[in-house]
Amino acid sequence: MEQKTVVLGVIGSDVHAVGNRILDYAFTQAGFKVINIGVLATQEEFIHSAIETNAEALLVSSLYGHGEMDCRGLREKCQETGIGKIIMYVGGNLVVGKQDFESVKERFLAMGFDRVYPPGTLPDTPIEDLRKDLGMTID
Amino acid sequence: MDLTVRQMDAEEFQRQRQEVLGQWQTGKDVFFEEAVAYQKSLPKSKVFAEKLAEGKEKGITYAQPRAGVALISEHIELLRFLQDEGGADFLPSTIDSYTRQNRYTEAQAGIEESAMIGRSMLNGFPAVNHGVAACRQVVESVQVPVQVRHGTPDARLLAEITIAGGFTDYEGGGISYNIPYSKDVSIESTIKYWQYVDRLIGLYEEQGVKINREPFGPLTGTLVPPAISHAVAVIEGILAVAQGVRSLTLGYGQCGNLLQDVAALHTLPVLAEEYLAKLGLPKVMITTVFHQWMGGFPQDEAKAFGVISWGAVTAALGKASKVIVKTPHEALGIPTKEANAAGIRTTKQILTMLKDQSLPMTSELALEEEMILAETRAILDRVLELGEGDAAVGTVRAFQAGVIDVPFAPSRYNAGKILPARDTTGAVRLLDFGNIPFDERVKEFHRERIAKRGRDEDRDPSFQMVIDDIYAIGKGMLVGRPRG
Amino acid sequence: MDLTVRQMDAEEFQRQRQEVLGQWQTGKDVFFEEAVAYQKSLPKSKVFAEKLAEGKEKGITYAQPRAGVALISEHIELLRFLQDEGGADFLPSTIDSYTRQNRYTEAQAGIEESAMIGRSMLNGFPAVNHGVAACRQVVESVQVPVQVRHGTPDARLLAEITIAGGFTDYEGGGISYNIPYSKDVSIESTIKYWQYVDRLIGLYEEQGVKINREPFGPLTGTLVPPAISHAVAVIEGILAVAQGVRSLTLGYGQCGNLLQDVAALHTLPVLAEEYLAKLGLPKVMITTVFHQWMGGFPQDEAKAFGVISWGAVTAALGKASKVIVKTPHEALGIPTKEANAAGIRTTKQILTMLKDQSLPMTSELALEEEMILAETRAILDRVLELGEGDAAVGTVRAFQAGVIDVPFAPSRYNAGKILPARDTTGAVRLLDFGNIPFDERVKEFHRERIAKRGRDEDRDPSFQMVIDDIYAIGKGMLVGRPRG
Amino acid sequence: MEQKTVVLGVIGSDVHAVGNRILDYAFTQAGFKVINIGVLATQEEFIHSAIETNAEALLVSSLYGHGEMDCRGLREKCQETGIGKIIMYVGGNLVVGKQDFESVKERFLAMGFDRVYPPGTLPDTPIEDLRKDLGMTID
């Protein structure tokens, strides 16, 4: 099976690095090629890396609470740079405070993310989802 | 300016000062003499160092929350609530992440958006944007000392404004607020930024104003072995005292094994005093701060109360001077003030119940202490060796060489070669030593302990074990056992 | 029938049986052989003694709540909730206070009123009124073993019905369910009632059915010194084994000082085994149960979580087989199922985090153990002396003489002469020994410890100190210090 | 000052004895003559003791949750026996479960109690109140 590439990073002024390390490990173990741009990643870095590596998906983490402000406009920037259809997942502790996840999810879906994950998500679920979204069959 | 541990010269300080105070418009309201006078006008009950000294004498463990929101009035309301409903002994002002990265324009946007939509869009209090007068308003609105808590590599302007603003304690350091909090900032530059901060506080001290300094002990908060955070704490203590700081609170983040954590609390001031003396630096007041578990928390609030309590128990039995309190919302997001106050009350109930109890010395505890002492000395001695006696220079070289190496740190100035894992009793050991300069006896001890766990779990120690340990407390365990 | 520790004769048992089963109409549905067959049909996972044995082998500390409401379906819903949402390892059915006083008519009224108004008007589950089939419905609705928890001086009918009903553990005893729970019932009579219960269980054991018995350790739950509750626990163990019981869980209620509590947990099975052997009784399986603080709780839920957690920590470090869990509603009223489950989750988080840790032996811990052993033996030896070798007879005489004396007990068969108070580390000592037969060395130890507290607090030990201690935990302390 | 007599007890099938001991001590210290009928006290025992000792007040405790059932009809029985006007206080954990205290209070006032105390009441308050209700001045 050909290896699919994903760009992984923690957006904004966010330095939470532990989940990033684990996602890197887990997606790599699952057979993906992971381009890990690490913490403190800008929207531009996500997009440049995706274009450069011909990636199929952006895996955006935001833990520190500013996710709403940091993620705004990412889909539009993708469109402007010609990768408008790229799959975009986002996860972590997306907003400030303990908020009802359904409403958080809606806000991020409205921003153009394909899937939105609640706090504490284990890697298995997004890996499963990504295989499905990329039409990879698992036998 | 060449890097050195020695006191900054006055000219260089003044040169930087001009620059720093110009970084954002609120810098122009800082006047040193006026600020000294203001600080001196504060009652003793609002001065960190005074209250810490009192607690140290009486054997009290104080409780302090983390908290900060975007707008002044909400921030004051929050702090008052934590004081009155939580019973906080010390108050914080936790700074937002834009300010921490010196992005004051974005912080300003966050303030405005917060004001508009009526809830804090920032994860902390943007003290620089609010300025000196606003900080004083905060300090005057509460009855206990207030500290700046942040995670800012270049915290010079923040220090100028908040200390002039009446805060009497300042968290952080050139290593502890770099390595866990940035990616591309060199250690050399952050050490210099923080020497400025420490020198500033030295100047206040020379005027008779007591400002306490607190290196950030827990680093990445995730399976950091005591010797590594102790080495960093001692170095930051040295750097601070060399600039004139006279009151230090050294920090340590809970690992979870009682004996190891108590041993860590016992050894931290011992090591600091030892190395300060060794380097001919003056004796200063040293207190300790214990951080309740800084890694991933369980989402369930009842379980979170269990984790909080275990931290409180350890702080009390280890006789920390202060404990930084987590909240039942930890895994989910910045806590509401109610959740934050609840965390404090749970903690204080335990602290007061355990006030007159301590963990008696045993051979097991003595062994943990011995190991932490030997390990930390091994690192520190190599640092001084690398620096040819200069702790600042040695630190930069030690990070280059991986002699100090912080697990899971985002900084590219950190080697990132070591791998920590719990042993079978939950104590944090090293599975991969990277270039940490432990001698064979120490290494054998770590290997043997981790091997025992491997046997208990019938698997070879590996990165999977580390991952299991990272998730463990969140899943209700301490040691990340494989599902059986 | 004369009082003796010896096994009840078969005829006497049958005579009483007729009478007991006639006490309420549901008694007629009890058939011994059929009940034995039913008990044998239960899977091992629902049998208390089996799961306790497994935990003992693996070093697990299990968590069990208290819970009971008036109506069957609500009771089942409650237990399932505690199992599924709380993660309870064992389940209870706490019996209401009318049933405990054998007032089945009032219990019936309570059931009817509860059904009418739709909330439980009873403080527990009226198992006798509900009968055998209903009890089996309870047992069949859950996956873990279920125990009867009550406080019933004459619990013969309750035992007949609940054991036939599939419960596999029965709490209580002739002393522990008399002295704290009644005013006018003689010890002689309750010992006899409980010999019936124990003999009944002996008969089941003879048929190969394992029913665990758990004397109620905490007694009045308020500043009971370990030696007193240990003496009672050992005597009830002796009385039970003499009637054929083969599986015992001995209980102890948290006092609050870690060393004393761990010492108490360590010494309890040692003493029981010692005296069973001494009296030529068979070796049986002995496990321990630790009760989280049984006295007055703080009303604030966050503080209550602190108290709960401290109990969980002690149970874990002392390696109790089981811990009985309090809830954040403790000070206010019977908990909701949510509050109850929260208490269990907090507890289990701590139990699992601490599973692989224990308190190492130290001279301080050894001293506490030595004192508890010496004190308990002093009481027990005098009991046997008074009974001329017969523990049952000796017990009655010991209470008459105040050789056993339970603080704050309502029973007029209890001397009520001793006064307990905390020492300066929070350990419970005796301020007034009444007629407790401690030798001078032991007495001197208590006096010295309490005197030290007096000096620390600058006051003479008195009843005011005791009152302060009673309120202390509710007010957020352990030692009731005077306001300074 | 002449000593006023109060009857103290824990009503119903309730055995909670600790608070009772403390109330006994505190009211005695405060100068009252305390007739303590202890735990497991029936309505009849309260009334007989009050009549016998010419008491001014009944201090009824209920901790275990059955207070509502146990206290019903006490005022009526007092009236029938000629001490209808006796002061009646009740305190403890009066009902099953954590309930809104205001509604609990109303229910007990409606039963004829003069004062109703929430869980965890310290003795000082009722002592103060009783002095007031008995018209004892404190100088």
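So that you can tell them apart, the chains are marked A, B, C and D in the order they are listed, and the count of residues begins at 1 in each.
Heads up, the rule we're going with is that contacts are C-beta pairs under 8 Å (C-beta built on N, C-alpha and C of every residue); 3 or more make two chains touch, one makes a residue touch a chain.
Note that this is a predicted model, so its numbers are computed, not measured.
Each chain gets a centre from the mean of its Cα atoms; for subunit B and subunit D, those two points are 54 Å apart. Averaged Cα coordinates give subunit B a centre that lies 45 Å from the centre of subunit C. In this assembly, the C-alpha centroid of subunit A lies 66 Å from the C-alpha centroid of subunit D. Contacts between chains trace an open chain of neighbours here, each touching only the next in line. This structure has the following touching chain pairs: A-B, B-C, C-D.
Residues 256-259, 298, 300-303, 305-310, 312-313, 317, 341-350, 352-357, 360-365, 424-426, 473, 476-479 of subunit B are the ones that touch subunit C when the two sit in their complex. By the touch rule above, subunit C contacts subunit D in their complex via residues 97-98, 100-101, 103, 106, 109-110, 113, 119-123, 151, 180-184, 220, 222, 295-296, 299, 329, 331-336, 339, 408-410, 463, 467, 470-471, 474.
Those residues of subunit A that touch subunit B in the complex are listed here as 12-15, 17-18, 21-22, 25, 38-40, 64-66, 68-69, 93, 95-99, 119-120, 122.
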